[in-house]
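Next, two complexes with subunit A in common: one pairs it with subunit B, the other with subunit C.
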Partner chain A sequence: MSRELTYAQAIQEALAQAMEADPNVFLMGEDIGVYGGAFQVTGDLVHRFGEDRVMDAPISELGQAGVAVGAALAGCKPVLEFQFSDFATLAMEQIVNQAAKLRFMLGGKVNVPLVMRFPAGSGTGAAAQHSQSIDAWLAHVPGLKVIQPSTPHDMKGMLLAAIDDPDPVMVFEHKLLYKTKGEVPEEAYRVPIGKAHVARNGKHVTVVATSIMVHKSLEAAETLAAEGIDVEVIDLRTLRPMDTATIIESVKKTSRLACVYEGVKTLGIGAEISARIAESEAFDYLDAPILRLGGAESPIPYNPQLEKAAVPQVPGIIEGLRNLVTGRT
Partner chain B sequence: MAVEVILPRVDMDMATGKISKWHAKDGEKVTKGAALFEIETDKAAMEIDAPSDGILRNILVGEGETAAVGSAVAFIYAEGEAVQSASPAAAQAPASATAAAPVSSVPTVTPPVASGETPRATPLARRLAKQAALALGGVSGSGPRGRILADDVRKALDSKPSVAAAAPATLSDDSIQKLYQPGSFAVQPMDGMRRTIAARLTQSKQTVPHFYLSVTATLDALMAARESLNAAAPRDASKAPLWRLSINDFIIKALGLALQKVPAANVTWAGDSILQHRVSDVGVAVAVEGGLFTPVVRNIEAKTLSAISLEMKQLAAKARARKLVPSEYQGGTSAISNLGMFGIEEFTAIINPPHASILAVGAGVQRFVPVNGQPSLATQMTCTLSCDHRAVDGAVGAELLQAFRSYIENPMLMLA
Partner chain C sequence: MKTPKTAKANARPFYQKHSAAELKEALRKMYLIRRFEEGAEEAYMRGLIHGTMHLSIGQEASAVGSTMALRNTDYITSTHRGHGHCIGKGADPKLMFAEFFGKEEGYCRGRGGSMHIADVATGNLGANGIVGGGLPIAVGAALAIKKQKRDDVAMCFFGDGASNEGAFHEALNMASVWKLPVVFVCENNKYGMSVSTERSMSVKNVADRAPAYGMPAVIVDGNSIADVAEAIEAATEHARKGGGPTLVECKTYRTRGHSRSDRNRYRTKEEIEDWKARDPIPHFEAELIAHGLASADEVTAIRVAAEAEIAAGIEFARLGTDPDPTEVTRDVYSPEAA
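What follows is the complex of A and B.
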């Protein structure tokens, strides 16, 4: 049975089902208990599972991350919620030097099966220190898996897969997606990490988009369809390990590639996607330069108009793809 | 630095130009703005002014020779400047092609680059060219800065076998769409019927030598006969008539009988022979949503008007439901296209191969015609016969039309 849930409800359902199925799963984060989480994701879980498993943590991201790594080494499956993904910077030592490295440094004798959830992205008027998209930072680190589901369905299935996963998985959740709705099956299903999804079939250009940009790209695709431009939209879903094969196959069909993502354009995920295609057999199928549409080279502004202008929006995506397909770039 | 003398685009369709005359010789002093050379295109001859002051050198394209639009044809050096033995600025040739006066926003095609240079091309264009063993140097690029796109290679390959192929026919969907404001049109995918119509009629109009004959026939006797026949039509148990003749049924019958009377017109062109047909099979164009079909009414000479009428109704219904089978639309020697119901008084139709003719039927119109020196009201229609001149000559077509008119004006002959 499937019914409509919001993205936030899909997360909460995945967390509840994982905790029901495995007593080693517990949640930790700032204000995730009685307050229900800054974005009301954990909701009433504290009442269902108790304070030992839905733990309010003091405001120390480094401390929380250290607890999570230690608990994971000791056989637990912690799911740590950061209030904003921006605060991952405070926990980088534990994430990058410990969680990502321990399995390798101890010769595979241990695993660090933790999940970190990061509310991310702009559009909430929260200014430069609460609006970033730093998913590509963490995707740069071997030993981490980084996922960015764009729909309630994928969110629930990928979060359950992340909790199952023996390695640390970083989950980036765009804040503007929390209230979006979609069909979600009731049972505890898995959506595999490392597999992209072709969200729309098309023949003129391949768009590889992440997170909320999947929805913006699909909207742009609808407009362009009326002009005879047939856009294929790939929802990347996982940044690391990246599903390059799906992108190669698509580019071989369409001969054009655009990457649409909210993180800062320079050295962002689009650079990696572009390079992989340039290195691959799909290179010989390219009939136009690769297009990257990413965030501005700027901190996210507080002014709402500038905030919008700092990340790709539908009209800009339409224009970029139109120019790409009509041979103007 | 020497200034390139570029062969400009003086005509929209121009890809190359022939230099008919140089007004200055190698080593002579030239003045900016003064006529330097003349070029000749398919349509025009034009004087081109020198782009700068200096000494004319390195004339690459002599009188009577042809060069691509945008290519350098000579160089102008400043006085005292050292003269290069070869063209000094060949590497910049593609960039300067933009100086060749593109017209408004119509996408321009940058000419093939000078030999020896690596052409700017997309990876896909390179791969396609390599597969087809096509030298990219001979391909014009339609992308930014003259970049050769995959479509440019495809077009070059398409145009290879037939230089005479009309340019618009080889334009891709994309390049046609680029001629219109984005968003100002919707794209309708082509279905099989539309493709077939396009292919067959293009082939017909381009390869079948058409000529046209028109005749005006008076319909009053036919309309009277039709009225009395319909009034006398047998009826079923609920008193509904079993058939109801239309004017078009008479036209089908008349053309079928005329083809029997003028057998020389009842033919088809078969390439190495002409088929002389014994029966009268006539196609009748039926407009359907998004196109048309031409089911064939067979053995018209042996069928009564009511049989033709009933058969035509069934064929038209099947055509509109797109249920016709090949045996119902293949063959035939002539066809009828009737636009009278739209008030069209006369028009010409394109022959539907392998037919040797097609009759374009206009509307019945009331006119005053002279009878014994007095105006008399008559209903008349004008029919135009398109003939395939390979199989049907003018006199034969005229005989067919004359016979057709005699049946229309004396409908009782059709019952004989």
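What follows is the complex of A and C.
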């Protein structure tokens, strides 16, 4: 049975099903108990599972991340909610030096089966320290897996896969997606980590998009379809490990590549995708330079017009893709 | 030899609680640690091993006095100066040497080296190259223990320098708020690399920081194994019974420099010599003999056996298998589930 859920509800359902299935799974974070989470993702889970499994923690991001690592080493499966992905910067030591490296450093003798959830992205007027997209930072670290589901369906299935995973999985959730709706099966299903999804088939240009930019790219594609430009949209879904094969196949078909993402453009995920195509057999198929549409070289501003200007928007994506396909600059 | 009952009856609780065999095992471990580190240092000088290492020579009483209260299912988190904790918790020196030599036979298959040695099978969750890195990890392990309704503990080793890291304060607060079975063992050796505690701390003792988190704290002579063990055993029992965390501060000293690059410009020869005169090993030996728990001959035999074990360990490591360079990414991730 499938029914419509919001992205936030899909997360909550995955968390509940994971906790029902495995007593080792527990949630930790700031204000995730009776408050229900800053974005109401955990909602009333504390009433269903109790305070021991939906744990409100002190405002100690570094400490919480370390507690998650230690609990994971000792047999638990912690799912840690950061109130904003920006606060990962407070916990980088534990994420990058400990969670990501312990298995490797100890010669494969341990696993660190934890999940960290990061509400990310701009568009809420929360300004520079509550709106960043730092997914590519963490995707740079071997030992971490980084996912960015864009639909309620993928969110539930990938979160359940993340909780099953024996390695640390970082989940980036765009805040503007929380209220978006989609069909979600009731049962506990898995969507594999590391597999991209072709969200729209097309033949003139390949767009590799992440998170909310998948929806913006699909919207742009509809407009361009009316002009006879047929856009293929790939939802990358996982930043690390990246599904390069799906992108290569698509570019060989369309001969054009655009990368659309909210994180800062320079040294972002678009650079990596472009490089992988440049290094692959798809390079010979390219009929045009690769286009990157990423976040501005600035922090996220407060003013709503500036805030919109700081990340790719549908009109800009339409223009960029149109120029890419028609050869105009 | 027979233990004269009167001698032991007059001794402090540590010597009454433990059998002569347990105490001699503790001495053996202290010798193993000392000779392990001397052996590692010599191997480094001879160019047999590379990188760096942080020696704990002079701190053996706190390592062994702490870990002797533990069982295999208890956890420890250790530090960059962690060889003693590792041996104390039960690791095999030859597999530690193999790790130093970067061999597949090593505890971390040559991927970790001195700073990441861990014998997971004995509950050692790892030495740590990040000052303060192990503190919240120990709290997490203790949280798991509590959730799993076990009566184990997590023992967290850290230094005076780590108590200046935010992780220390976050970890102590969480352990106390959640009343978790953690024993925080601070090995205060007076210096965070070159900067003294007087220059880096606004309080005299690391233990002075515990009351801010509602946590009991004790200060002990870290060069007296009896002093350390009595405090640790009480803290461990308290934690096992659900009483929550304790901080034990062991005042001690590393007679070697911080690492291989240290030229000892920040402390005097007199200070080092003064602490060498308080070497925990001869101190423990003298007490064992005074209480009639070991003879001078037995002490010598323990030392000679430790030396032989270390020599054999170095030879084992030297002949170990070098990792295959094509396997550089092995164990970054777990194998794909079937």
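FYI, the second predicted complex is superposed on the first by the 328 of 329 C-alpha atoms of A that agree within 3 Å, B and C clash if a C-alpha of one lies under 4 Å from a C-alpha of the other, contacts with A are read in each partner's own complex, and residues count from 1 in each chain.
As a working rule, contacts are C-beta pairs under 8 Å (C-beta built on N, C-alpha and C of every residue); 3 or more make two chains touch, one makes a residue touch a chain.
Everything quoted here is computed from the prediction, not taken from an experiment.
Q: In the superposed arrangement, does A:75 touch subunit B (first), subunit C (second), both or neither?
A: The second partner, subunit C, only.
Q: Is A:327 touching anything from subunit B or subunit C once the two structures are fitted on A? First, second, both or neither.
A: A:327 contacts subunit B only, not subunit C.
Q: Would you check which partner chain A:227 touches, where first means subunit B only, second means subunit C only, and both and neither mean what they say?
A: First partner only.
Q: In the overlay, answer first, second, both or neither for which of subunit B and subunit C A:287 touches.
A: first
Q: Which partner does A:50 reach: the first (subunit B), the second (subunit C), both, or neither?
A: Neither: A:50 stays clear of subunit B and subunit C.
Q: According to the contact criterion defined above, which of subunit B and subunit C contacts more residues of subunit A?
A: C
Q: Applying the document's definition of touch, where does A:105 land relative to subunit B and subunit C: first, second, both, or neither?
A: A:105 sits against subunit C, while subunit B stays out of touch.
Q: Taking the superposition on A as described, I'd like to know which of subunit B and subunit C A:62 touches: first, second, both or neither.
A: In the superposed model, A:62 contacts subunit C only, not subunit B.
Q: Going by the contact rule at the top, pick out the subunit C residues touching subunit A in the complex.
A: Residues in contact with subunit A: 75, 77, 106-112, 116, 118, 120, 125-126, 128-130, 133, 135-145, 147-148, 154, 166-167, 170-171, 173-174, 177, 329-334, 337.
Q: Along subunit A, where are the residues that touch subunit C in the complex?
A: 26, 52, 57-58, 60, 62-76, 78, 93-94, 97-98, 102-111, 142-143, 145, 164, 166-167
Q: For subunit B, which residues are in contact with subunit A within the complex?
A: My answer: residues 107, 122-127, 142-144, 149-151, 173-174, 177-178, 182-183, 185-187.
Q: Quick one: which bits of subunit A touch subunit B in the complex? Just the residue numbers, please.
A: My answer: residues 226-228, 255, 283-288, 322, 325-329.
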